[in-house]
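Chain IDs A, B and C follow the sequence of writing; residue 1 opens each chain.
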Amino acid sequence: MAQNPGRRGFLVGGAVIGVGALAAACTSNEPAAAPSATAPAAPVPAATGGNDAPGTKVVIGFSAPAADHGWIAAIAKNAEAAAKQYSDVEFKPVEPTNDINVQISAVESLIQQKVNVIVMLPNDGQQLNQVARQATDAGIPVVNLDRIFPDKLSYRTWIGGDNYGMGVAAGHYIGNKLKTAGTTNPVILEIQGIATLPLTQDRSKGFEDALKSYGFSVTAKQDAQFTVESGTEVASNLLQAHAKIDAIWNHDDDQGIGVLAAIKEANRSEFFMVGGAGSANAMRDIQAGASVLEATVTYSPTMASSAIKLARLIAQGKGMSDLLENQVPQSITLASETITKENVDQYLPLGFES
Amino acid sequence: MEDISREQSDSSSLLQMRGIVKQFPGVRALDGVDLDVRAGEVHCLLGQNGAGKSTLIKVLAGAHQPDTGEVLLGGEAVKLANPTAAMRQGIATIYQELDLVDGLSVAENIFLGHEQATFGFTRRGEMFAATRKLLARLGHGEIRPSTEVGRLSPAGKQVVSMARALSHEARLIVMDEPSAALAHDEVTNLFRIIRELTSQGVAVVYISHRLEEIREIGDRVTVLKDGRTVAVGLPARTTPTATVVSLMTGRNVEYVFPPRPTGGFGDEVLKVEDLTVPGVVSGVSFTVRAGEIVGLAGLVGSGRSEIMEAVYGARRATGKVTLNGRPVKLGDTSHSVRIGMGLAPEERKAQGLLLDQSVARNITLASLGRYSRFGWLNRKLENAEAERLVKALDIRPPDPNRPIKTLSGGNQQKAVLGRWLVEGRKLLLLDEPTRGVDVGARAELYALVRRLADEGVGVLLVSSEVPEVLGLADRVLVVREGRIVHEAPATELDEHHVLDLVMDATPSHG
Amino acid sequence: MTEVNPQKVSAPEADEQARVEAAAVAPSGPGAGRLALGRITGARHLGLVVALALLAIVGLITAPETFATTSNMVSLLALAATIGVITVGMTFVIIGGGIDLSVGAIMALASVWATTLATQAYGPVVMAICAIVVGTGAGLLNGFLISYGRMVPFIATLAMLVAARGLAQRMSERRTQLVSQDNGALVELSTTRVLGLPLLVYIFAVIVALGWLILNRTTFGRRTYAVGGNPEAARLAGINVRRHTMLLYGLSGLCCGIAAVIIMARTTTGSSTHGDLYELDAIAAVIIGGTLLTGGRGTIIGSILGLLIFTVITNLFILNGLNTSDQLIAKGLIIVVAVLLQRRSLQTAT
């Protein structure tokens, strides 16, 4: 079997080249004919005060998980776009990865390169805490993006979304609407993301608490995987389990595509649905008003742009110009906003492509 | 070793099996078998395939539990609950399909399951030394303990199996057809080893289909038939062959070869010119004519099987092979089959059969194209053809739907031959067609091969048994070290002459 | 299958193996009187049918209003369709003595390739063809590496799994690609119903029927059993084992391409996240269905029954509002129990 390794090597090499060539030849996603394809330019907030004037040169290291989801992809894109805006910022992203070990070594390499500040969205706050602490101890401030480190000594500033708040926003929208319509004992379903994540549990808690204030509760909830396909599978089963539904909250707009497909396949429309995260796609659906999706609650990846801005300010020793303090705050929690048909136009430029 | 000396002083039986019965679903494999083996003797177990020999030795090895009956070892009743228990009692079994691990070294194989280890770390040095000692005792000091077993010849593997038995300090060694895979000089060596063992008081239960071997090495013979003992403790050297064969079969035949045709042969079917398999066969040329049976005589490792495989396209080779004037693509078996060749391979189970499948599916495997149109099978036609062949070949039981693994070796071989009994077959290559086939079934196979030849098929035959080549073939090619060293009509040769030619200057195989 | 009673022989056109085994289980049953369904599924699948029936009873008891509804049954079949088509291909590969770990990834790649804007510009038919061609191509590449590159199937298809997913991510830039409104005809495979069933269920049924016919009624199927049961014997009997092996993986890839069309119709998207861990579900279904991982034995019907058992379990758990962790435990138990039961029923049949 093994007498001819040379030949085998050649075959494998040939195959790899073959696949590459095929991919290069006919997989274009950017034809001139279809302008909708090009990703919208990452949202760049308007300049504020005098802080945007060029200052000391800073090197910002950036580490985030590999995108397996539109939201994460938007994070990376927004961070890069925000950095490009400044002539005094050198942006140093490390290879994105979903492997904890690889992310640790990537951050270690940033420490060795002695960057001025690190912006990090950890794969897991607990597991990356150690290396963030190392950076801080080495005198490199860490801007912690979204998934929080448990140890406050590990980071200078945290900026992130409000998962509990998302649930609250969704709960208020649904509760308010049903209450107004005078529905009693409504059937309210919840399609979660990955159930084991704390963020999912926070979202569910907020949803539950908000509904409680209207005297409602969640009839049934099922977890999916944040993927389109898992959304379809869970939704088609849930639709079978409940012959009449009043409202659905789906935690994530990406998996929501699958949920909507399942709803369409089952030909159901007696209820309304609220999404989560705020993808451009969901916003377009809300704008068109043709599907059951009426609203979505944001968890905006624009936070990455803001994190880069904060990192720059920290490295340059500046504060946020609208605030009195001389330094950037220790913690910034973004509010979860509710997007409906009324205000969707205003949000659409901020939506991320799934 | 103390055990053995005690047994030696005790002249009575080492092993007694009484009234062993073993029932399988639908089959009573053993129906009251008695066996009595003395220390230091070679006790031969004879019987046709299906007589119950394999089941009996599996009971001895602890692999099967008898339904009734008792086993006494040194006069004490023992329970051989599993192979380890049997081994602990000093019973070692060397199976026909050697149970060695090809990827491990000689020493590792010998001590497999009872490694000499400290805290899980094997003590290599000790194991190697012990292995060397065991191999030397078997007269094979040239095998290195570190050699990977997969690289050894069949004879070498057998030596390793025996060394493994000795490493357990066995007082009874069961050998299932140990000579089947061996060439002549290797058999001689095997016998030398067996004599050595018995002189040390070890008893050997020897199973073979070759009566002449039993005469040479055996002390006493027990004959099994249909799961019963039909004769116990016959003297191996003096009991007439006719008596033994009739006990086994109820027929008074041993090797019955069909008569050769009186007329001449047809046109040249196969022409081989300058066939070379690097390192094994060098520049062999010969022809086979229609209706002719050509025998290749030679030792294992002489290149005889490789010649056959190269002709069939199963092995890369250079040279020119033509079948009925059409060049054969070397290295492409499907082409060979398409133009009219067929092979009954040496290792029937490993290379010939789909063991899980029925007799019918095994028979039709090579000719599916005949029963199909655009790939769509006409199963009526296929089944009818299989049924016809099962009848024509007298395969027993005559049920084409029976799983082939339940058939005896002889009947399996018939099915493999049956695979090629379709129109347009021009050349049949038979590699050891009677290995593991009992005496009665052999005669049928011989007759079948001759009948095929008489119908105009050319036959190329390889056999380790010189009498078989001489009796069945029309012309004999003697192969030694990858060359044809002699060619003559079979009638002009005798066994001694061929053996001389075959063995001349052949180094012994290890 | 060993040592089956030889004397029971019924109509010669009945499936030979099923017949012999059925005869062994029910020795007195007259072969001619049995139902057509029984003849196709055979007694060997009795355990699976019983398991499915038990699950159905559990469903009737725990979710009386929702389980036995027509719409739930339709939904079950639609759910099973994607992996079902893949399972058909997987059954061939495993009977042929191989394994294909790349099915989920190939399906994802095919779905992404078919939903790129460049492809979508040509309309739904070209999209479907594109998915099928990509799937088949990737499968053939697997087969080529295994047959002619002499790689171990596990390794070659593992490499394909990783590479195909990577390529899918690259092409989609890790985004979910929507099937555009202009190509809505593709989505209609899931929304249009004929006689109450979505079109994709018919696709599923046709693939299963074709798979069964190819495996049982053609030389290709027969050779698949031979190549898996004893490749050396098959080679020496004149079968081109390498070419056959390559075709088997090509067939599996083809099934992945068809599954990609179904998943595009069901989710209205192509995505590199599609088909995650499908390989494990498909392999599990095949094994539960009684196919030997060592090759040479197995049936399409068994695999499909195995898959339905999985699908029904998921359905039952969601109908009863139980979470996914419990489903995983149940699936694990089912695999173990099914294989143990099968071994027992094989033994009693001998």
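As a working rule, a contact is a pair of C-beta atoms (placed from the backbone, for glycine too) under 8 Å apart; a residue touches a chain by one contact, two chains touch by 3 or more.
Fair warning: this is a prediction, and the values are worked out from it, not measured in the lab.
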| item | value |
| --- | --- |
| Chain contact graph, described as a line, ring, star, complete graph or other shape | line |
| From chain A, the most remote chain by mean C-alpha position | B |
| Top chain pair, ranked by how many C-beta pairs fall in contact | A-C |
| Chain nearest the global centroid, as defined over all protein CA atoms shown | C |
| Rounded Å distance, chain B centre to chain C centre (Cα mean) | 42 |
| Where chain A and chain B are represented by their mean Cα positions, the distance between them in whole Å | 69 |
| Mean-CA-position distance for chain C and chain A (Å) | 35 |
| Residue ranges of chain B touching chain C (in the complex, touch as defined) | 24-27, 312, 314, 333-334, 336-338, 343, 345, 350-358, 360-361, 365-366, 368-369, 372, 375-377, 379-380, 383, 397, 399, 401-403, 405-406, 419 |
| Touch list for chain C against partner chain B, complex | 1-7, 9, 12-13, 16-17, 19-20, 217-220, 222-223, 225-226, 229-230, 232-240, 296-297, 350 |
| Sites on chain C touched by chain A in the complex | 63, 65-66, 69, 71-72, 75, 78-79, 113, 116-118, 120-121, 137, 141, 144-145, 148-151, 163, 167, 169-178, 187, 190-191, 198, 263, 266-269, 271-276, 314-315, 318-319, 321, 323-325 |
| Complex contacts: residues of chain A adjacent to chain C | 1, 8, 11-12, 15-16, 18-19, 22-23, 26-31, 33-34, 37, 39, 66-70, 72-73, 195, 220-223, 225, 227-229, 231-234, 236-243, 254, 257-258, 260-262, 264-267, 281, 353-354 |
